[in-house]
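Quick one: the structure is below, questions incoming.
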Amino acid sequence: RDQIRIVGSSTVYPFATAVAEQFGKTSGFKTPVVESTGTGGGLKLFCAGADENSPDITNASRRIKQSEIDACAANGVKDVSEIVIGYDGIVIAKAKSGKPLALSREQIFKAIAKTIPQGGKLVANPYKKWSDIDPALPKDDIVVFGPASNHGTRDALVELVMDEACDKFPEIKALSGDSKKVACEAVREDGAFVEVSENYTVTLQKLTALPYAVGILSYSYLDQNGDKIQGATVDGQAATYENIAVSKYPLSRPLFFYVKKGHVGVIPGVKEYIAEFTSDKAWGKDGYLSAKGLIASPDAQRKEEAAKSKELPNVKL
Amino acid sequence: MVDQVRVSATAEKVNARLQRRYAVEKRFRFYGIASIVVALSFLAILLFSIISQGHTAFMQAEMRLSVTFDPSVIDPDGGRQKAVLSSADYTALVRNALLARFPEAEDRLARREMIALISQGADLELRKMVMGDPSLIGTTRDVWLPAAASVDQLRKGHMSRDADKGGQFTQRQLGWIDALESSGNLSSRFNKWLFTSGDSRQPELAGLWGAVVGSFYSLLVTVTLSFPLGVATAIYLEEFSTRNRWTDLIEVNINNLAAVPSIVFGLLGLEIFLNVFNLPRSAPLVGGLALTLVSLPTIIIASRVALKAVPPWIREAALGLGASRLQMVMHHVLPLAMPGILTGTIIGMARAVGESAPLLMIGMVAFIVDVPASPLDPSTALPVQIYLWAASPERAFVERTSAAIIVLLCFLAVMNATAIFLRKKFERRW
Amino acid sequence: MQFSILLVVLLLLSAVGFRMGRGRALQVGGPKARALHSLPSYYGYYVALWCGIPAVFLIAIWLSCEPFILQGIVVGALPADAKSLPSAQLSLLMNEVRQLGSSGDYQHASGAIASTAAEQYRNLRNMSFGAMAVISLAMAILGCVLGVRYIRPDLRARNKVEGVVKIFLIASSTVAIFTTIGIVLSLLFESLRFFRMISPVDFLFGLDWSPQMAMRSDQVGSSGAFGAVPLFAGTLLISLIAMVVAVPIGLLSAIYMAEYAHPNFRSVAKPLLEVLAGIPTVVYGFFAVLTVAPFLRDAGAAVGFSIASESALATGIVMGIMIIPFISSLSDDVITAVPDSLRQGAYGLGATRSETIKQVVIPAALPGIIGGVLLAVSRAIGETMIVVMAAGLSAHLTANPFEAVTTVTVQIVTLLVGDQEFDSPKTLSAFALGLVLFLVTLVLNVVALNVVRKYREKYD
Amino acid sequence: MPIASEAFLQQSGRAMTGTSKVTAKDVNVYYGDKHALKAVSLDIRANEVTALIGPSGCGKSTFLRCLNRMNDLIEGARVTGLITLDGDDIYDYSLDVVQLRARIGMVFQKPNPFPKSIFDNVAYGPRIHGLAQSSADLEEIVVSSLQRAGLYEEVKDRLSEPGTGLSGGQQQRLCIARAIAVSPEVILMDEPCSALDPIATAKVEELIDELRENYTIVIVTHSMQQAARVSQRTAFFHLGELVEFGDTEQIFTNPQQKLTQGYITGRFG
Amino acid sequence: MPIASEAFLQQSGRAMTGTSKVTAKDVNVYYGDKHALKAVSLDIRANEVTALIGPSGCGKSTFLRCLNRMNDLIEGARVTGLITLDGDDIYDYSLDVVQLRARIGMVFQKPNPFPKSIFDNVAYGPRIHGLAQSSADLEEIVVSSLQRAGLYEEVKDRLSEPGTGLSGGQQQRLCIARAIAVSPEVILMDEPCSALDPIATAKVEELIDELRENYTIVIVTHSMQQAARVSQRTAFFHLGELVEFGDTEQIFTNPQQKLTQGYITGRFG
């Protein structure tokens, strides 16, 4: 194989394809093949083996988990390095033609959780319309296109919204262990939350088609499609470049990619691809990735990560 | 005489109902015409909507800039080494050229807005120029570079100038665009990228060529496999075998395969070709194999019809002269059936060209920029490219999707016209 | 490259064999080759086959065994510590070895072990290729010689050559059977794995479809309900709408074409209708998304209905359009096959055209028409691109055509595009769905084809 | 037998001026360029059986089909001349062809029962023309038609079974029953027995003889014996022309034309 | 004519033991369940024309097609009994059917030239059997075959035009030329004139008479006159059985069997 194979996060997908395209057109190597499988799906493929047919790089919109590092190791993928490429925010988006939303994390939880504490008990989520949650919200049906469990955005959503919000309900706070986890993290399955497992273009398509629908996707999609969709404010903060860059927007998170070190030097071009990605021309403040909606890391962090990308130390949690 | 009475009664009774019966007749006839009109108007609407949406994609906005090929940017140490030239920062050239055009853009925001007017791939064009002719370095040339897709869309009226209505441009940008426009430095030119390059994240640089070549390779594999296999099967069934359980089994299988949903062939390809035989994902080779299975029944059935149409006395005459069965087939039957077989094959191929569901299953939906150089390279195919572009959020891909459909339909039209031509030309009446 | 040279050489050898065989035949054939059983060129083909076929078989077998043998030898020669590496690492190493060995460029080798092994691999591979080339060429030459020696005037060369061709023909005709076996096996194998995790009863009769299960143990995914009823219902709903559009329009068009239309009109309208059948389904999908769905939504809004953008209605209508020519051309066949004597009988009694058609022709053609409609239903059920692009993703159990539903094929595509984990029921469920789809369409096809065939026999 | 011949001429002369049900005058039929029927004039008398004979392709069927305008259905067929039924021009614009065909029934060469029950086959005509007021009425018509066609006894227990399940001869009688169920005035039969075995043929011939009482019958046949057996008058066609027309007996015993003689003695055809 | 009859018997007896080219002994043919040919024994003498006559469906073609094993091609056809050509069993396993058909040529009812040029039509047989060493050789064979078929003068200027462009009679002679181009020993003809007009028929009959000198000919015909004109011996089949076989003259003047007599006097068939 003389062509890099990249899988993983659909959040990072637009950036990875942009870099791949640039890399293919300028480096003399073949253009890498990038597939959008979601962070979890990507890591699964990435860790499935070390052989030629396994991907060289996986993109991620959350950090790798210890369980995944272990799975990798079990399959002979011992040396994996991590590069932080920049930042992103999870955006609660809607078609521009729809009514704008201002949400709190609690309200988001109420809209998408499987069970809701009511009268001291956990009951199946009763909310059908946004206005059922809060009369101030529009009288639209709740239809949320959200990432499925193979997506890092889903994990981030759980961490940043649901885990945070559920602590505000004393009924759930009182729980512990698995039952608390389920109460906090389970998502409704009555059709109001539609799990999208491919990539966010699907979500985007659905949003433009259904003006009342809400989609959970990453900031770059909002940035690139500002003419079509709008982001809701979360806890009073708008999803803007500046807000995310300084983490004022509550749903901010870093983006990564992971490299299979065993493939560096074996598969032609891996090193050069990493170099292209970590060049200022790409991920810098004025780089072409920022034009694609990537929120650049601070200068110092970029420098550090660029240095790391030469050494490729093993990832440590 | 009794009957005579009854007879006239018949005529009278018939007369009494005639008007009503003719009204029913008329209505029924009208339903028939209406159905055809409805069906054909669906066709008309479909074609109209696609052509009206797609024709604009064949032209695209380009911007004329006077670019200075600054040696200090391209090749600071003057070695003219390929590697140096190749990795130079051509974006800087573009930026400088824009700055020279609009010196008023001084602050960072203004520069960002200015840069946003031109395609992010403009530097690649410059790079191509320099790599092709290093003597350009040091000169200043007027160069037509692709404008950003949003500028293109604005000029085509697909995007509002009004920020409230989804317009993406600031007043300053609009001013620049108008200035370029009125000075003749911004105009629509033939969209050569559409026909020469592979896919791209940049709509203005995205092309169909990769998909066309991918389709071509898939089809090559399909033709080389399904034509001989299909014709051989048809010959065996029509000319050699006698009807027995074995041939019945084959026949039942063929008829069923002809009606099996094509996505099932995709599942077969995924499981057998990819998982068992470990063939490469996304490769036209695998796509071609799957499409072979899709088109094989069509070819077999058409070939059998063509063979059946050769009158039996030709066979008798040949055999009566002492030709063996194979000689009879090769010398007489097959040449006579060939036009029909070719027609069937072309129609089967046309079906394969338009097929996408099985290709999704074997990974030909990846984002692939490079034009494949062999049937083993990753690639998409025309219909899959349509599917991908149809799912792309950028507004500019809508017209490109339609344009891709127009191209695909043209291919199909050519193939079918060839088939019809063959059939007409070699039509034989015995 | 080398390989293609070998093939070309083999081809040339066969050509030489052909000439030798022919020459030999002419030589032994006596004056004017009268004594020969077959034409001299058949002796040529005979020798050429002797020359080519064994060699090609050898090459095929050699190439399929070579990687394993080479790997065995290379691994065997590795230093002890490398040999005792865990299998995954060993495979990675071998991977690199192969990579390096093929390129012949050891600069980027990860270590001395790899480059030595690569060197060895490379040598072995060259050797193996050389050996294969030599042996296959030797076999070809031997075949040539043997073939030539077998030639006697009474050798039935033509029968032998034709025997080989016939074997090829028979082998070709089995491809259809192997394809079916392949489909069944590939679907069955993964489906069985799926049914080991999810009971078939839950799958076939469950009312909830929510396949996105947790990927890791520390994650809370959806419950992983695999009740496919909503998918079946959605598929049926869309197919039903498609049929409601296609059957009347297709049937009435066919009737008009067959019974009323002037030949000139027919010769224009019929191919135009067939254009609808030639349009790729992905185009219909795009048409549904971009033109029909928005139109219906707006039209619905105008009269106070809320019609989803991905309504079963829009999808079904477009699918119906796609199926119209299918129904019309099948019905046309069937209607024109109704013997004229029946029509004459009715006209002779004083029936009008429409009475003849409705009361005599259609009843007579009905079995055939039903067969055609069944085939069309099977087509609608299996149609993929239109629904993937225009139908919904969420599994609603509803009969309301204004709502979005999802279908079996949509789920197969969503489950298999992107990440594939062949150890999770999520991915495997796609194969179970594929199996159901295959079986349902199979039954429909068998029934429909039988009905149509019976019908044809009745009037042929 | 010159005497017989004279007698014939007298008869014939009388016939030409007698009570004719259908008359054809100078009828030409063209199929596209093909001139299939050439200036045929002929009259058909009520309550008689008129046989049309002649070698294959001579235009017998063509002429027959002119009489109830079945030729209208053939593309490119053109009819000139005058054909009248009870004195009315049947090609007149004001005449309705549906009504005409109800008045002039037809039985075809190959039995062509509809793929319906025996009952529905016979009831079809009365139904579309609205001849029955009630279902009892309809049943009466069906039964009496079947009776008159001599089929009732054979099928009375299975009226609801498909007509296609009957034997060839029964099917042909069913078709005759179907034709007479609309009480036509004239029945045209185009080689009604050619697909039948001798026994079935005999039955149908017998039936034709009975029907003659109430109907005017025109029958095309290939078999001269049959023409001799069932018809009162015979017309001999050759290459689209009416060669000879007259009393059956005379035609077969004393033909006036060489051609006719050649044909009936089997010298050609 | 009892004397003639006796003479016939003597002749016939002699024939059975004479120089027969092809002999059939107790040949039965079944098409599936249908017993189409029943225990037929017959011998065909060299350089004679043997005619097979009989009513339609009696098995003439079936018998003819047994002789060059064209029945092998019909699904479900089964042949028992012994047929020899020059003493060799033609159904013997070791016998190559292709060679057999080169030795026993066939001409069919409907002229069936290949849709190729006249030259290629005639040259086809010699080509596949390798009868010509050079193209000059081949041309000679083609020309002489056409000459012997009496067609050469008519087509010599247009040998490269398609054979399908000839008239029916010419086509049939072309087919005969094509058959004799492979120099067969026996030529089978299945109603070779039934699609031809009288003039073309006469030509073909004349040709058959000439060919007899060099070939053994078996001809199936519906026309008794033709059988009488061209054949030396005649076999009469009925319902799959060989009813009578003998000298043509005798068969037509003094048939031994009632059936034969009935047939040749035109009482049935």
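Before moving on, here are some points about what is shown:
In this document, chain identifiers A, B, C, D and E correspond to the written order of the chains, with residue numbering beginning at 1 in each.
Assume a contact is a pair of C-beta atoms (placed from the backbone, for glycine too) under 8 Å apart; a residue touches a chain by one contact, two chains touch by 3 or more.
Predicted model only: the values in this text are computed from it and were never measured.
The fewest steps needed to get from subunit A to subunit D, moving only between touching chains, is 2. Put simply, the chain farthest from subunit E by mean CA position is A. Averaging Cα coordinates per chain and for the whole protein, the chain whose average falls nearest the overall one is C. For the pair subunit C and subunit E, the distance between mean C-alpha positions equals 51 Å. The distance from the centre of subunit A to the centre of subunit B, each centre being the mean of the chain's C-alpha atoms, comes to 33 Å.
Computed centre separation for the pair subunit B/subunit C is 19 angstrom, with centres defined by C-alpha atoms. Chain geometry summary: the mean Cα position of subunit A and that of subunit E are 87 Å apart.
Counting partner chains per residue, subunit B shows two or more touched chains at residues 14, 21, 324, 391.
In subunit D, the residues that touch at least two other chains are 98-99, 102, 128-129, 182. Counting partner chains per residue, subunit C shows two or more touched chains at residues 158-159, 289, 350, 352, 355, 417.
If you check each pair of chains against the touch rule, the ones that pass are A-B, A-C, B-C, B-D, B-E, C-D, C-E. Those residues of subunit D that touch subunit B in the complex are listed here as 96, 98-99, 102-103, 128-131, 182-185, 214. Residues of subunit C that touch subunit D in their complex: 263, 339, 341-352, 355, 359-360, 363-364. Contacts from subunit B toward subunit C in the complex involve residues 14, 21-22, 24-25, 28-29, 31-36, 38-40, 42-43, 45-46, 49-50, 53, 228-229, 232-233, 235-237, 240-241, 247, 249-250, 252-257, 259-265, 267-268, 270-272, 275, 293, 296-297, 300, 324-326, 350, 353-357, 360-361, 365, 383-384, 386-387, 390-391, 398, 401-402, 405, 408-409, 412, 416. Residues of subunit D touching subunit C in their complex: 68, 70, 73, 75, 98-102, 105-108, 110, 112-116, 124-125, 128-129, 175, 178-179, 182. Residue ranges on subunit C touching subunit E, taken from their complex, read 32-33, 36-40, 156, 158-159.
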